[in-house]
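Same chain, two partners: chain A is paired with chain B first, then with chain C.
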Partner chain A sequence: MARYVLYRLAMAVPLFLGAALLIFVAGHLAPGDPVQTLLGDRYTAATGAVLRHQLGLDRPLAAQFVDYLGQLATFRFGTSYVNPGLRVGDLLRTALPISLRLATLAVALAAIAGTVLGVTAATARGRPLDRLIQFGVVLGLSVPSFVTAAALVYLFALHLRLLPVAGWGHPADYVLPVTVLAVAPLAFITRIARSSVGQALLEDYVRTARSKGLRTPRVLFRHALRNAALPIVTTVGMAFGTAIVGAFVVEVVFNVPGIARVAVNAIFQRDYTVLQATVLVYTALFSFVNLAVDVSYAYLNPRVRY
Partner chain B sequence: MSATERRTALRRALGGDRLAAVSAGFLLVLVVLAAIGPFAMRYTYDGQDLDALFRGPGAAHWFGTDQFGRDSFTRIVYGARVSLAVGFAAVAGESLLGMTWGTVAGYYGGAVDHALMRVVDLLIGFPTILLAILVTGIFGPSLTNIVVALVLTAWPGTARTIRSEVVAIREREYIDGARALGATTSRILARHLVPNVVHLLIVRATLDVSTLVLAEATLSFIGIGVQPPRPSWGQMIYESFQYLDAHPLLLVFPAAALSVTVIAFNLVGEFLSRVLDPRYSVARR
Partner chain C sequence: MALGVVLLLAVVAAGPWPAARAQMPQTFRTPLGGEAPTLDPYYAVDSASAPIVFLMYNTLVGLDAAGKLLPQAAASWDVSPNGLVYTFHLRDNMYFHSGRKATAADWKWSFERMGSPALKSPVGSVVVPGVQGYDAFQGGADGIAGITAVNPTTLRFVLNPARRGGFLNRLAYYAAVVLDKDVVGRGQGWYATQDAGTGPFILKEWAHNDHFTLAANPRYYAGAPKVATVSIPIVTEARTQLSEYLAGQLDFVPVPLGDYQRISADAKLKPELLVYPRAQILYLGLNPRVYAPFRDRRVRRAFAMAIDKARIARTVFFGFFQPANSFVPGGIPGAYKEYRGLPYDPAAARKLLDEAGVTGKLPPFRIAMNPFGPVAQMEAEPAAAMLKQNLGVDASLEKTEFSTFISNLNKRTVYQSFMTGWSADYLDYSDYLDILLYSTSPLNRLNYSNPEFDKLVDQANAAPNDAARIALYHQAEALMVEDGAVVPMLFSQFAYLKKPYVKGLRTSPAVNGWLPFDTVVIEK
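On to the complex of A and B.
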C-alpha cells in the first residue's frame, strides 16, 4: 500500500514538472515583450537591455526555468503582470477557499442525494419510479450546466423571487451555485449507486439476510449498500474533480469571486503571471484528486493489490 | 455474420430504436442546415435592425430577434456551423492521434507500450477546460486554438480504448497467420489490426463529438471560446442571461439547439456501439 502511494506520488512529479514547463515555454512564446511593456515610453535599446539583464531575461532559458521552479517550490508566484501592486499569492489565498467550499458543498449534496436516489431506483427496479429517476439521470448528464443554471435562476430567482440572482456574501448566495454544481455529480453518483446496489441485491447473502427475517432497511443498509460502497466512494472522488471544473461556468454565471473567476479574468486581461499560477493550482488540485481516488480505491478494495 | 445478416440486424436494431433513428435524422438536418444555410438565409448573423429589437417568433423572424435586432434563427444556424466544424475537426484530429498512439502501443507492447501509456495516464485525468484555458489563454482564443485544445484533451481516452482492443486482437490466430505468411508489420497493422478496431473508433468518435461540442459551447459561454461577432451557441446563451427576465426565449432557442444536438450524438453513439460491437448480438434482444 505504502509503495503504491509512493509510486503514485512519484507519477505526479513529471505531470507537475510538465505543466510548469508548458506554462514556462508558453509564457515565452506568448506575443508581446514584457520588457517593452514594463518600460512603455522609456523603452530604448539601451534601457531595454539593462532591465532585461536585471530581470534575468537575458540568461539561457534552461537557467531561467530552474529559477522559476525554485520560485514555485517556495510558493513565490510573483506579482500580477497587469496590476503590479497585486501579489498573486494573496489573490489565490482569497479565491481558492471560496471555490473549494463550493465544490465540497456540491459534492456532499450530490453524494447524499445520489446515494438515496440510487438506492431508491435499485429497490424500485423497472417500476415507474425507477424509470423517472433514470430519466432524470440522463437529463442531468446531458443538459449543459449553464442551461440548468438559467432554468434555476429563471424559476427561483426571477419568477418566484426566493433567491438572489447573483452576488456573493450571504448564505443564500450559496444555494443556486451549489445546486447547479451538484447536478452532474448527482446524476452519475445516482447511476453508479443504482447499478452497484442493484447488483448487490441479487447476491446470495442478501437473500440469506432476507430469509432470516431481517427487515428491508436493514438488509439494504447493512448488507447491500455496504458491499456496493466501493464504486460509489470512487465516484464521489471523481465528482470532486467535476465540481472543480464546473466552477468555471458557475462562478461566471453567479459572479462568485473564486479561483475560476480569477483564471478567466486573467485570460481576458492577458495577465500571464496570474494565469500561470492558476493553471499550476489546478494541476495540483487534479493530481491530488486523482491520487486520492486511486488510493482510496486500493484501500477499500482488498482484491486490488499493487 | 454475412453481409445480408448484418443488414437485417441493422434494420431490426434501427426499428427497435426509434430514438436513435430520430436523432440521426435530426443530426442530418442540422448538418445540411449548417452547410447550406448561410447561402439561403435572408439575414446575416451580424445584421442589426434597431427597429426590431426583441421581436418574438414570427413569419419574418422564425425564432425572433435579439438585443440588436439580429435574427436569432440565422445566428443559431451559424452557431451550428461553428459547433459542428469545431466538433468534427477536433474529433478527426483526436481520433487520428489516439488511433495511431493506441495501435502502436498495443501492437508493440513491452517498453514501447509502457512509455506511451504512461503519457496517456498522465493526460487522461486532465480536464478539457484546463488545457483549453492554457492554450487559449496564452495564444488567444482563435478557432484553431480551440480545436487544438480539444484534440489535446480527447485523444488519450481514444488511445486507451484502441490499445486495449489491439492488445486482445494481437494474439489472434489470423495475425499469427499473416505473420507466418511473411506480412510486414506495417501490412499487419494497416490490413489486419486497424480494420478490426475501427468499429470502436467510430463509436468513440460519435460519442466524443457530443462531448467536444459541449466543451466548445462551455468555452464560448465563459468567453474564452468563439469570439463575437461570430455567433456560437454558448456565447448566445451567455448573452441571453442579461435579458432572462424579460425575454427568456432568447435563451430557450440556443439552449435547446445545444442540448438536443448533444443528446442526439449520444443516442446515435450508443446505438452504434450496440450494432457495431460484435459481442452484442441482436438475437439476444
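On to the complex of A and C.
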C-alpha cells in the first residue's frame, strides 16, 4: 500500500509539469493580454510597452516559462500581473480555504443526505416514495444553480428575512451557498446510492441475512451498504472536485471570496500568474482526491490489493 | 469510511472563522463592482480603482455637483493677463495621512512623476503636456521647467501656448493628485497597505477580492468627515448589490438597467431613487480601414441617418437614456446642447448611397459590441435591424469577452464598426474630441484622419480664452458628426438607490457619479 501511494505521488510530478506547460501556453496564446485589459479604454502602445516591460511580459516565451518553473520549484507563485501589489501566494492562502470549506460542507451534506435518500429509495423500490425521490433527483440535476440560488435568496433572504442575501463572515452566510452548491452532488449521490444499494439488496447474502432473522437496519448498514459503498465513494470524490471548481456561480451570486471566482476572473483579465497558480492548485486537489478515493477502496473492499 | 475522509478534510480545511463585518454606527456602506487592480492614482484608470482613489486623494481644484470648478488644495489662484501663467495659493493646512504637511514642492514632485517618461503612466497625457518644459522633460531634462514651487504655499505653472486649453478643467481630473513621496518611495506595491494621500478618507484595510475599509481623516482640511468609516465590499453582480441594498446590508447602490422600470414603479423604492445625467456618450464607431465603403463620406453619413436613435431611446431604454445628436455630453462645460446633428432620414440616406453608387452592393456589415454590461447589445440590436430595413445592408452583431474585445479594438484592423461608450474622466472637451478623434491620438481607434478637424482642435488648444476655445470645439464637433466619423447614439444617466437615512451625499456627472463622501451623514 505504501509503495502504491509513493508511486502515485511520484507520478504526480510529470502531471504537474504537463499541467503547468499546458496552461502557460494556453494562457499566452489566447488573444489579449493583462496589460491591455488592465488599461482598458486608456491603453496606448507607449503606456502598454512600459507596463509590459515592468511585468517581464516582453521577454521571449521560453525564457518566461523557464523563470516560472524555477519559481515553482521554490513554491513561489509570483505576483499578480493585473494587481502588482498582490502576491499570488497570499491570494491562494485567503481564497482557497474558503472554497475548501464551502465544498467540504456542501459535499458532506450531499453525501449524508444523498446516501440516506438513496437507501430509502432503494428499500422502497417501485413505491411512491421512490418515485418522489427519483423526481427530486431529476430536478436537482436539471435546474441550473443560479436558478436555485435566485429562488432560495428570494424566499429566505428577501421574503422571510431569515438569512443574509450575500456576504461571507457570519455562520448564517454559509447556509444558502452550501445548500445551493450541494444540490447537484446530492442528486448524483442519491441516484448512485439508489442503484448501488438496490443492486446489493438483490444479492444472495442479503436473502441469507434476512432469513437469519436480522432486522432491516442491520441488513442495510452492516451488510448491503458496505458492499454498495464503492461507487458512492467514487461519486463523493468526484463531487468534491466539481464542487471546488464549479462553485463559480455560487461564489459570484453570494459574493463569496473563494478561489473559483478568482480563477475565472483571472481568465477574463488574462492574469497569467494567478491563472497558472490556480490550475496547479486544482490539479493538486484533484490528484489528492483521486488518490484518497483509490486508497479507500482497499479499506472498503478487502479483495482490492495494491 | 468515506464519511470519515470527508470529515477529516473538513477539519483540515476549517480555519478560524473570519470576523463578521459588524454593522458599526457611522459606517457608510457602498459596493464596488470588482477588485481594484491598483491604488496608485497614476495607474487608476479603471472603474474600480478610480472611486477609491477619489476618496483618498486631493486635486488642486475640485468640482461641485453641477460640474463647476471649486478650490480644493488650492485656496485661490491668479491667472496672468495673457492666460499662460497660473499661480496657485495652496492651503496651509493640508496634511498627508502620514502626518507630514503637503507643500508646493510635493505638488511639483507629483506632477513630474505623473509625466515621467520612465513610467509613461496612462494619466500622464492629461495635465502635464500642457506645461512648458514637458517636451524637454520627455527628452531627458531634469524635471519640468514650467512648474515652480515658489514657496511652500505657492505653486506656479507656465503653460505651453500651443496646448494651454482647458488647464483648470484638467487639474480637476481625479488622478491629478499630490502624492506623499515617502510612501511612494517604498517601492513596488506601496499602495497595498497604505495610501499616499491627503484626502478625506484613509486606507484602513484592503482584503483582496473582498472589501475595502476606509477610515475618516481627522485632519482633513475641510473638516473631518461625518462618517467614521466607509465600508466598500466588492460585489461583482449588480443584482446581488441590489438584493443586499433591499435587505439592508448596503446604503447606496447603482440600479441595474434591467431593474430600473420596476424600481421606479415601486411606491416604496421610488423615493429612494436618484436619477441624474451622466457625462457619457454611447456611440457606434465606424472604421473605414476595415469596411471599405466607409472610405466614402456619403456612406458613413447614410449609415448615421438610417438609425433612429430617438426611437431606440424611447422604446429600448424606456426614455431613461437620451438620444445623442452631438458627441460631447451635457456636464462637459460648453457642451453643444443646441446642435441638431444628422437627422433620422432613411430616404435621404438611401439617396446618399445611390450617389455613392453602392446601393445593393454593400458587403455584409458587422457591429462588434463592447461586452461590458448589457447596454451595447441593447443598442446594437435595433441599430442593426434599422440598417437592414432602411438601407438593405446585411448587418449582424458580434460579441467576444472583454480582453479579446479590447485587444481587437487596439489593433484597429479587426472591427468594421464597434458599439461602445466613453465616459468623462475629467470634464473637458479635450477628453472627448482630442483623445478619440485627433488623427495622431494613440486612443483614436477609428482611423479617423481629417486635417481640418485636427486644425480646429489645435486652434482650440491654443485659444486665448474659454469662449473662443469652446466656439472652435463646437466647429470641430459639428465637422466630425457631419463627416460621419461616428454615429452618436445615446447620452446616459446615473440611477442610484440611496437609503433615506443617508444625508449630504453629493452627486456628479463624472467618474462614478458621486463626489467624495466627506459630507455624508448617517442619521439613524
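Note that the second predicted complex is superposed on the first by the 230 of 306 C-alpha atoms of A that agree within 3 Å, B and C clash if a C-alpha of one lies under 4 Å from a C-alpha of the other, contacts with A are read in each partner's own complex, and residues count from 1 in each chain.
As a convention for this text, contacts are C-beta pairs under 8 Å (C-beta built on N, C-alpha and C of every residue); 3 or more make two chains touch, one makes a residue touch a chain.
Being a predicted model, the structure only gives us computed values, none of them experimental.
Colleague: So, does A:Val253 touch the first partner chain B, the second partner chain C, both, or neither?
Modeller: So A:Val253 meets both chain B and chain C here.
Colleague: Quick check on the superposed pair: does A:Leu15 touch chain B, chain C, both, or neither? Answer first, second, both or neither.
Modeller: Only chain B is touched by A:Leu15; chain C is not.
Colleague: Applying the touch criterion given at the start, work out whether A:Leu158 contacts chain B, chain C, both or neither, answering first, second, both or neither.
Modeller: Once the two structures are laid over each other on A, A:Leu158 reaches both partners.
Colleague: Mind working out whether A:Ile23 is in touch with chain B, chain C, both or neither, as first, second, both or neither?
Modeller: The answer is first: A:Ile23 touches chain B but not chain C.
Colleague: Identify the partner contact of A:Tyr272: answer first if only chain B is touched, second if only chain C is, both if each is, neither if none is.
Modeller: first
Colleague: Considering only touches as defined above, state whether A:Arg261 meets chain B (first), chain C (second), both or neither.
Modeller: After superposing on A, A:Arg261 lies in contact with chain C but is clear of chain B.
Colleague: Is A:Leu69 touching the first partner chain B, the second partner chain C, both, or neither of them?
Modeller: It touches nothing on chain B or chain C.
Colleague: So, does A:Ala113 touch the first partner chain B, the second partner chain C, both, or neither?
Modeller: Neither partner.
Colleague: Which chain, chain B or chain C, is in touch with more residues of chain A?
Modeller: Between chain B and chain C, C touches the greater number of residues in chain A.
Colleague: I'd like to check the shared interface: which positions of chain A are touched by both chain B and chain C across the two complexes?
Modeller: Residues common to the chain A contacts of chain C and of chain B are 30-31, 153, 158, 252-253, 268, listed in rising order.
Colleague: Going by the contact rule set out above, which residues of chain A touch chain B in the complex?
Modeller: On the chain A side, the touching residues are 11, 14-15, 18, 22-23, 26-27, 29-31, 138, 142-147, 150, 153-154, 158, 241, 244-245, 248-249, 252-253, 263-264, 266-268, 272, 275, 278-279, 282-283, 286-287, 289-290.
Colleague: Can you list the chain C residues touching chain A in their complex?
Modeller: 1-3, 5-7, 9-10, 13-15, 17-21, 34-39, 45-46, 118-123, 125, 188-192, 207-210, 233-237, 240, 243-244, 246-247, 249, 401-404, 406-408, 410, 422, 442-443
Colleague: Hey, which residues of chain A end up touching chain C in the complex?
Modeller: The touching residues are 30-33, 36-47, 49-50, 79, 82-86, 90-91, 94-95, 97, 100-101, 104-105, 107-108, 111-112, 153, 157-158, 161, 164-171, 229, 232-233, 236, 240, 252-255, 257, 261-262, 265, 268-270, 292, 296, 299-300.
Colleague: Over in the complex, which chain B residues touch chain A? Could you list them?
Modeller: Chain B residues touching chain A: 118, 121-122, 125-130, 133-134, 136-140, 210, 214, 217-218, 221-224, 234, 237-238, 240-241, 244-245, 248, 251, 255, 258-259, 262-263, 266.
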